[in-house]
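Note that chain A is present in both complexes that follow, paired respectively with chain B and with chain C.
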Partner chain A sequence: MPISRGTLPRKAVGAAVPVVLAALTLTACGGGGGGTSADGKVAGDISFQTWNLRANYKDYFNGLIAQFEKEYPDVRVKWIDQPADHYADKLSADAAGGTMPDVVNVSPDLAYPLARAGVLTNLDKEPASAKYRGEYTPEAWQANEMPGLNGGYAFPWYLNTGPLFYNKALFAQAGLDPDRPPKTYDELFADADAMARHSGGKVATLAATPAIEDFGRYGVRLMNADASEFTYNEPKGVELLNRYKQLYTSGGLDSTALTNGPEESGQKFLEQKVAMNPGSAHDLSNFKENAPTLYKNLGITDAPNNTGHPNMYVMGLGISSTSRHKAAAIAFAHFVTDKRNQESFAHKVAIFPSTKGSLDEPYWTRDDGTDEGRVRVAAARMLKGAVNYTPVVMSDEMKTVLQNQVALALQGKKSPKQALDDAVAQSDRLLKQS
Partner chain B sequence: MRASRIWGRALRYAVLLAVLVITVGPFLWQLSTSLKGRTEDIYTFPPRLLPRQPTLGNYKGVADIIPVWDYALNSLTVAVTNVVTNLVGASLAGYALARLRFRGRRAAALAFVLALLVPLESVVVAQFTLMRQLDLNNTLIAVVLPGCVGAMNVLLMRNAFGQLPYETEEAAVIDGANVWQRFVRIALPSVKGTLAVVAIFSFMGSWDDFLWPLIVLSDSSKFTLTVGLNYLHGTFSNNQRLVAAGTIIAVAPLIAMFACLQRYFFRGVGEGAVKG
Partner chain C sequence: MRQSRGAATHWAASPWLFLLPGLAVIAVFNLYPFLATVWQSFTDARTLLPGHWVGLRNFQDMLHDDQFWTALRNSALYVALVVPCTVLLPLLLALLVQPRVRFVGFFRAAFYTPVVASVVVVALIWNWMLDDRGLINGILHALGAGPVPFLGNGWLLLFSAMALTVWKGLGYYMIIYLAALANVPRELHEAASVDGAGAVRRFLSITVPSVRSTMVLVGALSSVAAFKVFSEVFLMAGPTGGPAGQDTTLVMLVERTGTGLSGRVGYASALSLVVFVITLVLMLLVLRAGRGEGER
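Up next is the complex of A and B:
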């Protein structure tokens, strides 16, 4: 299933919200204090927690740790890997119990509650870590900066973005040129309309309702400057939702789109009932393995955007604020995310390094003729200037609020304007509570 | 008259078949996916149930990615311990609630009912901090401990014991049997069915549990099967065939357990239900 790191937490975190909050109140009273100076000697035992990377990349991480321990003989690194589901629950329990690993794999939305509870180190405040800031692309560092908390809370690690995949066979059947996929939003909506008319509403072009990233890419301003209020109900946002509504009525949006998650829409694409689906480079192996016939007809194009900035997802490595060997933890987190090691990891799996200059290497600029190479180069090109649209303060509950209101608008039970106004009002209320 | 009876029977079978398809269908689908070869489409429409190139390679693949037998052993340890503690604890507590007269008996029974209403998710962090204070986090003991005597099981046993006729026990009292002897010799043998139900429920409960073991264990060598199998949902690509094979491995012991105990199971379900 085309689960990218960015979409995965949507499913996994759902039930976690109350637990996270409970954990926060607990740590708020019990936490604080502890931890050692970050400028001390690089020595001691540290633990390093990744998120579901053990199964396929065990050798890479064991090699990485061995190398680091050779460079710093006084440090012992213990590697822990957590399974895919309920990662947020695990983090919040560890935060509450004071058992947070020294170096921990987080995405910005996972880092935000932890940073607010004071469990993560502000890397911009520690000279030992702040000095590395210049090694990463500014967009990647900024993605881990938490609003209202003055600083970055995780070393940028791997990035992900993806092109839009399309099914050439379905395009040809609808009388569209399979080699001229839509490039702009206008073309996208026009093609979807044509596809729906030709197939009598049987073949849809898109399978998912617009999520917050889609609003961002369309050029809608999502939040005000200090991230205290949502603003996606501005006219531009209403315009996007209106277009989606027309699409839904004409059959260009899959009829089950209202309840489709990223997994379901990916599956519809695999079943060849939907002509286009956003994805990332690692979806290729999924298509190859699970739907060989689709793979033969696969087309790849850039996802349209009105802002000049494509969307990206960011992973990072946070440092526990109560770590007993903070200097060693920072040294190790930097080691894992430095240019050489990020690039070697990105050669193993279809993700992208967040270090400055890495994407100018030939591996990411020159098309080697394979499909993987094409997607890799296309995605790397998109990543230049790509930003993480999803606001870090937007909890899963707020994402669900938006999804529900969008569904009401598409069904015609509310006007798009009303639906977005309501979604913003509810999200703002949730934001104030937290 | 006769025709309508035939129609009635046909309808009954049709409904039963439909229910069978709904309940067994997904399982068969997983089984078929786990046997499909690498070059086959998984998502076809209409779905194809019989694999074209059946292979056991996916099961081997699961064992290559995760130490599946170690995880299965951990799960088995946890589940068997859980069954034993639940059988002993729930039958003792259930007998006390049903047969012994003591102050606060009703309040105690009520406490068990209230315990049923607390969802695990809401106390999981508190449980975790407790385990940490006991220095038990990251051990299999911590996995077993919170569920070692289930409130539901206590209530099931209480109802089963409550249903036994007083006369037999009174006769035993006259013969000079004390409480322990009545419990072991008279009461327990009469509720075998409910004991089987408790055994199956607690086995299934701990075998399927995901959230708690995930939170309390941090060392991946101690993981139980359900947590470990989650590694098969790869981060960057998901091989449905491996996931399906993992699911079958996880479900197989449950089916075996049910097959062994089903004779008692159905008796037990009836036993508890008469006097709810």
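Up next is the complex of A and C:
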């Protein structure tokens, strides 16, 4: 029978459907599969994903991998580095596609949704990884413990904390003592007010609205005990926002603060349009290179806090729960984050190790007289007892909710109390939906 | 004429075989994502968690979401204010650079340059210029005025982003108009001039009717682009959408709610569906208006 015009497509479709379904089924299953035992032999090919580190530390990581492969000849490590932007989207695509690298660089807020989706291994439940827990500072390990998920989901890697940089020349111009920067929130708000008055509103002291970690440092309770509800609308939170509102009105807070991100705030400080900005030891070389006048007048002080516990940022290495060579992945993640290798990495870049006792080493306790040394020692001192204030359950959308409500309060469109109540209500609703 | 079996087979299968690569691409990259978006808009799916059927709940939530109404207002305003500018100004610009006079090539290239410039770079430059201590406010200060909070006030920020969109699109639509103007018979203008018609009269009675279909095309293209605006506002207002999210557009809201590891994919899909329907209606209205004009 000749094939008619009408029957061919129908037949073709009929034949194609099972093929397409088979292909879809195969692709859907291809990346998944359960992970292997973590107690097995340390062998196999594993992938290791970092977050924007290849550009500056290629040789370090290649050396590290070569060293590991020498110690474990049955393991081959494939290093993947992702750009800084859209890292969370890359992780979500990998996780959804079942192609998560065996060892992956995560911060606690990225680890939480991955852990909740069952994509990361609970390190406390695997004897092969749980045995290493004691090597890290308790604060660093706890930073990767997820509420409701009973365990740590990433090996603590490097830490950072921010000193507060200030412009001594702008302080002097405002009649403030450049050698006595504010140490407490009361002093900070008083100095900012003076700066705004003396400069006729031309020089602001800060360029960013308060974020969740600012509420934490101020001593506001951010969440309830089981992390099921936000509580930063308590009276202390309202008090902080009231003070920021006064600051905004007086010109002590830059007029573009409502939309500024960390980069914009940093740029304002670099251009000497604001007098203070939180930063890290990374920024020193930037100041030296791009703003030599500022660098000459640069002051460094501790970020004020009312709790005695500064804020810290934690990076970690998570293990994919579907890793085919989990034993090798755990061995490698531990190798990268062990005391020797963390300290060695922290000598190359202005970060801080999370292993016990590392911050007592002379490199982090003795001021060598250089600016870098001064910042390093000050930051290392702050890190002892520092905590990660940002709740891991707080998604980017919840952070935006807070920022927008704070902006409404600063603009006078809502009272600080109402703004924080609304932010908490919206964030709680998002939390319950998640 | 009776065809042989082989010939018939060849004749029937060939079009489909030729179409297959294109259809496969459309199916994988257009049709499947579209159908998946429609499906997900009725679920509570999140980035890493499968969704459950929730019926119309996402759409009901939208009605009570202040950010949605703010975003809808901003996207609609973008269309209302940007489209007339992108329909008319490039036409005037095209008329200006149409005559073949000395240095006209330079001006054509200059007007087209913003089109090829990266929107990120351009937005950064505009941000620097519009900053409280930037070039524009510097000039205003020298004149004894300002500073104007272009980047600190939600409305001014939105209008600044609109100005950027118009400025960046002028060259693109100008090229389209130049092509259309080349087809307008010169004799019509000459005859009108002989009859005593001035430049404005000739523009209204000859140029505009002659390029009406192109104006409709530009209107349709720029309406869709304006309603789906993202880059300019995102880059100028920041990821939060300006002070208190006041400048958020619909596509920005889709991006904000649907991306990241905790993204609300179901809700973002419902928002995307709303954007799709409104865009479709908008385009049909513009095309219908154009057809109505043409039939008159």
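Worth a mention:
Here is the rule we use: the second predicted complex is superposed on the first by the 401 of 434 C-alpha atoms of A that agree within 3 Å, B and C clash if a C-alpha of one lies under 4 Å from a C-alpha of the other, contacts with A are read in each partner's own complex, and residues count from 1 in each chain.
Here, a residue touches a chain if its C-beta (ideal position, glycine included) is under 8 Å from a C-beta of that chain, and two chains touch if they have at least 3 such contacts.
Since this is a predicted model, take the numbers as computed values, not measurements.
Shared-chain residue A:89: touches chain B and chain C both. In the superposed model, A:239 makes contact with neither chain B nor chain C. Shared-chain residue A:343: touches no atom of chain B or chain C. Legend: residue contacts after superposition of the two complexes on their common chain; A:69 is shown touching neither chain B nor chain C. In the superposed pair of complexes, A:273 makes contact with chain B and with chain C alike.
Using the contact criterion defined above for the overlaid structures, shared-chain residue A:428 touches neither chain B nor chain C, since it reaches no partner. In the superposition on chain A, A:372 makes contact with neither chain B nor chain C. Contact with chain B, but none with chain C, is seen for A:53 once the two complexes are overlaid on the shared chain.
By the touch criterion stated above, A:114 is placed in contact with chain C alone, chain B being left untouched.
According to the touch criterion, the shared surface of chain A, contacted by chain B in one complex and chain C in the other, consists of residues 3, 5, 8, 89, 92, 96, 271, 273. Within the complex formed with chain A, the residues of chain C that make contact are 3, 5, 8-9, 11-13, 16, 44, 46-49, 131-133, 149, 151-152, 157, 237-245, 256-257, 259-264.
Per the touch definition, chain A reaches chain C in the complex via residues 2-5, 8-9, 12, 88-89, 91-92, 95-96, 110, 112-114, 116-117, 119, 255-256, 258-261, 264, 271, 273, 395-397, 400, 403-405, 407-408, 411, 413, 430, 433-434. Per the touch definition, chain B reaches chain A in the complex via residues 38-45, 65-66, 121-122, 124-126, 128-129, 132, 137, 210-211, 214-215, 218-220, 223, 227-228, 230-241. Contact residues of chain A toward chain B in the complex are 1, 3, 5, 8, 15, 18-19, 22-23, 26, 51-56, 80-86, 89-90, 92-94, 96-99, 101, 267, 270-273, 282-283, 285-286, 289-294, 349-351.
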